[in-house]
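Each in structure tokens, the structures are laid out below.
After this come two complexes, each holding chain A, first together with chain B and then together with chain C.
Right, the complex of A and B next:
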């Protein structure tokens, strides 16, 4: 069609024939270069290839960086000890951009181009949920470290597992007895008005009810909000505990404004460490959190009673006593989640050994061997603590930590039991065909 | 446009479709899967191009039409257990209806105001998806199970999760949309749309109802984008709010600008180009979006009419 007025001509610059040809040649070269290389099938002596779906860019990048470090450390430890079934392990990394559509493409890329044995990694729920169909269709086991309830909900498929980190429903349920007994019986929840917040909105009230406590108000804050003061008058005066799970950059403003609202007379505060992962607890504005309590998956700060396994894990991953990168105190880790990468890789090792895994033709065997796992003992392979595994819902259950902010550090004051987080299974993946 | 015989034009388009058909048997597995995605999304770009390229209306809200199709198809399967064909039709109908309503309101504006109004409506649509998370799955989204993505016709069944079936389904949709678009832009209606783009006042003066024509273009564009969304949900099994975010309003604009606005094959070329630049460069650096950005800037500087637009300008004046 004619474009007489140059509607689309953004610069009016004309294109020379030579320039266009150069561009076309470069484009063709780019298209034909590495992407089209066919990858040969792994031989039995070749490394076991683990496709690592990583949040290298996008909103999950801070988590991704530490997931990368932890996984590299775990693979080094596994390889130093002889690998899996006598074969070295190799991580093949692809960035999912913290985007569900790209996540699914990456899973497909691992299965059909890199020909990895399994896919592993990734945290954000929407990426896991978006990628799960690709894993099921390619029949490639997909081990996630996401903490979402989506795996255990049995709404995904038989190829998706979460054996190295507990799910959020279990975590919330585990917190209720301690909150009711130690913090207060009248709880007001403040949470972001999207899925992460809804888990807390839906699972906390029944868990507290069972402990004789009540959620007396639920305040959902829209994700677009950048100031929170106007929501605080909605907090009932009789509130004994504020349960907060705000996440993202707004958390600093949230805490600061909550401090200005209450001054020195405040109810008890209980939060989830997800709010402050990779954020220094001593950042300006967070002083108001002093004396408050947090859920922690694995403690950020070294504790006096840390096990030898915990100490070895921290050293291998490269975090100091304050949970920051060794040599860079400002680089705060995502300690509450990243241990899941370490533990998941050891679960993969165990399951591959149990299955006598040799190559992609044994993927179904690997799925069944993983489903047959029952318990993981605390130790170098599971430094966060002991876990049980439910093969029907592909989810592990473990202990949780409750830590108090004291003198600019987090000190563990209570560890829950595995039983505190157990719930009735919502389905059974093992009935699905492989 | 230097007019070409219809045979030449149709031969080119049928040739492209035939090439895509043959590629199904040649491409390695990964690229076969990627091409299926690209063709499904090229439909989205084609729908966008109809409005942006031919009518000159720059919308920043087309994610809502794409996601109307995505959710229209996905939710009817997920909650109501509908079959694939009915769900696809529901998705397209949702997009067309939404486009009619949005068109009636947004076409009261033009230029920058049209961009802002469409973007605002898309943002409302996005927030509604989050608000009704109990049904939509919100930001986490929902999985359409494999068993629900099978078309049963008589005794036979087509499993959309099979790579070849998926590829052919995406190709079928793309082919239909491509040929329909070609027919539209060559039709009297298409020429009126271009006339509106070039000089709306003069077109009006010549006796054409420009508002009705623009509305028809918005609805057609919305329906095509919804078809892309519906296909995406059914072919790839995931629906989520990220597909309704502003990013998915910008993407078709970029694909179209890259491939060549107001060219029928430009949307496919642009989508293909951007997908492969992203895919290949992400293997070398985490700063791949920077490379994509540089590629876009270079294109704007040296080929401002996009790839096919520049080719048409220089060599193939008859390209539709």
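Right, the complex of A and C next:
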């Protein structure tokens, strides 16, 4: 095709020396203008920039939208109360497409181009694992809200933290006694065939064994699968409990097809809320879930004994008593995970204040100050509940909720204790060089 | 579960996959065959059909069947209109050049996908099936709706075949496919045929999507798998061959169902890809395609 209008014809552009000089002079004038020196005196008045690695597109997009809302609400609350060390906080958002390769690029972009103080906010475990080396290379603290065990496994690096949400290994360990005592002793596991699913695959069997129960079958399903009935024949007939945890856009199909397969003759069901995050439990086809149990990080439905802090948090984020967006009952939140964004941002605030953080040159100090943290008390900054923090493995430990589906709502029937979920550290990040 | 019922379940699942795949691939094959265009955006027309089905069925209250039937009529028509406009605005301007249209349809893929993300959102949203009857077999339950999808798809395939072989429109399309220049010399408005074929191809994908959406929800990324599988089917079946497309869709769908039930879904994909490679090596025109003239 001919370039009729000469768009690509460089010889036609007339950039004369005079024009160029004019442009340069104007630029220099702007730089010298009074308004421009606002932030150049010191970092003291410039905002603290938090690079937000967001799953805006890709299979994590439904989570991403709520991570965005929750983080924005937390930043607003922090800024309204005076910011961090007297400086405003600003979120710089980059979409990682829920893709590990892109995730690593985004971390690099935050470190070198946006020059953010930290990176924050990743959920999907394969993205965290893919991005962590980039955070280590750029020596930029990387606060994830992922729930996977990879941070606590100490297989990542000293710059990666998970201070806002309990890891899967701890969650499983604290809930196994309840499952064995109340649901059944013969358990079949269904989980996604990637890092997050492997945490469940690896840690549930020993946790149940300790309670006298057994995992009799493990069924791994590719994360992009869209139809599930073909996997169900692998569920042994003697199964007493189906333990399911699925992620991604097809979760509703998964639960519906399970219902079609079993009807009312189903084994007990124990699911991770991940199987239904951002999905209305009253969707057509989900009636058979009535009476089944779910893990919830933070309850989706308002509970009778909610603390004032929990109520304030729900109001700030904008979710109603059913866990849906205020004003749009069909827009269901990802309540079990997104609280971690709120709490992580407050941990960052605490650590930056402890470290007397001024700017990127203090990143090592920030890492050490975060590692020195021990406990987070329940309250407006930690509405999900109290947590303990292990600075050696960069992981927090909190309470877990087990909820029952009753009359189209989820009602918390059991809360675990922090001690139930503690385990021997598998390593020590603090021995690594900064 | 015993071998018999296990195989039955695998075959049922495979049939549902085949039915939807046959319709989608047929759309791709028609466009490929008549226009010689590789439509990379085909999967997005599929997605658009599902998303519009959600929009239509939520806008209409009353019994879910009313909303579904309305979606089955309105969604494909809207998708056809979009495809018609895309053909007129983009493909025609490129004089249907094979290389340029690939790039253009890749662009269309991203535009449609991102528009869906912007206006529809990242969630997977369900559409209620027109009826929910659970067929109770002695060994397991099965969705009655899924079986009706197979029947509906078979009916549509027969209908398409009748249109292509028994009507004047079909004859014009086949003439254009056989030899574009001669057809033009005989007074066939080739450009109008192209626009129509492109729209019909997209509509077939949209119908398949409306049928499948009560089973698996509408999501803005759902077009990728059908696109890939459709290409596999079209290559195995032979370009522009209706019979080849249907046979290949049943073959791929059933083998996918059975292999993934008894072995693993990954193995099913490996075998499908291997079959494509073998077909390309030993019978490049596809199982039922005619050799290049």
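Note that in this section the second predicted complex is superposed on the first by the 366 of 434 C-alpha atoms of A that agree within 3 Å, B and C clash if a C-alpha of one lies under 4 Å from a C-alpha of the other, contacts with A are read in each partner's own complex, and residues count from 1 in each chain.
The rule is simple: contacts are C-beta pairs under 8 Å (C-beta built on N, C-alpha and C of every residue); 3 or more make two chains touch, one makes a residue touch a chain.
Owing to the predicted nature of the structure, the values given are computational and were not obtained by experimental measurement.
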After superposition on the shared chain, which partner residues are touched by A:229: those of chain B (first), chain C (second), both, or neither?
second
Applying the document's definition of touch, where does A:262 land relative to chain B and chain C: first, second, both, or neither?
second
First (chain B), second (chain C), both or neither touched by A:57:
both
Give the label of whichever partner, chain B or chain C, reaches more residues of chain A.
B
Which holds for A:165: it touches chain B only (first), chain C only (second), both, or neither?
neither
First (chain B), second (chain C), both or neither: which does A:75 touch?
neither
Using the superposition on chain A described above, determine whether A:237 touches chain B (first), chain C (second), both, or neither.
second
Considering only touches as defined above, state whether A:283 meets chain B (first), chain C (second), both or neither.
second
In the superposed arrangement, which partner chain does A:316 touch: chain B (first), chain C (second), both, or neither?
neither
Taking the two structures together, which residues of chain A meet both chain B and chain C?
56-57, 224
In their shared complex, at which residues does chain B touch chain A?
1, 28-31, 33-34, 37, 53-54, 56, 127, 130, 133, 137-146, 161, 185, 190, 194, 197-199, 236-238, 240-243, 257, 261-262, 273, 276-277, 279-280, 282-283, 286, 288-289, 300-306, 309-311, 313-314, 320
Could you please specify the touching residues of chain A with respect to chain C in the complex?
56-59, 61-62, 64-65, 222, 224-227, 229-233, 237, 249-253, 257, 260-263, 278-279, 283-285
Per the touch rule, the chain C residues reaching chain A in their complex are 1, 5-6, 9-10, 13, 16-17, 64, 117, 121-124, 126, 128-129, 132, 134, 136, 140-143, 215-217, 219-222, 225, 257, 260-261, 265-266
Taking the complex as given, what residues does chain A use to touch chain B?
1-5, 7-13, 15, 17, 19-20, 23, 27, 30-31, 33-36, 38, 56-57, 94-95, 99-101, 104-105, 108-109, 112-113, 125-126, 129-130, 132-134, 136-137, 148, 150, 155-157, 193-195, 198, 223-224
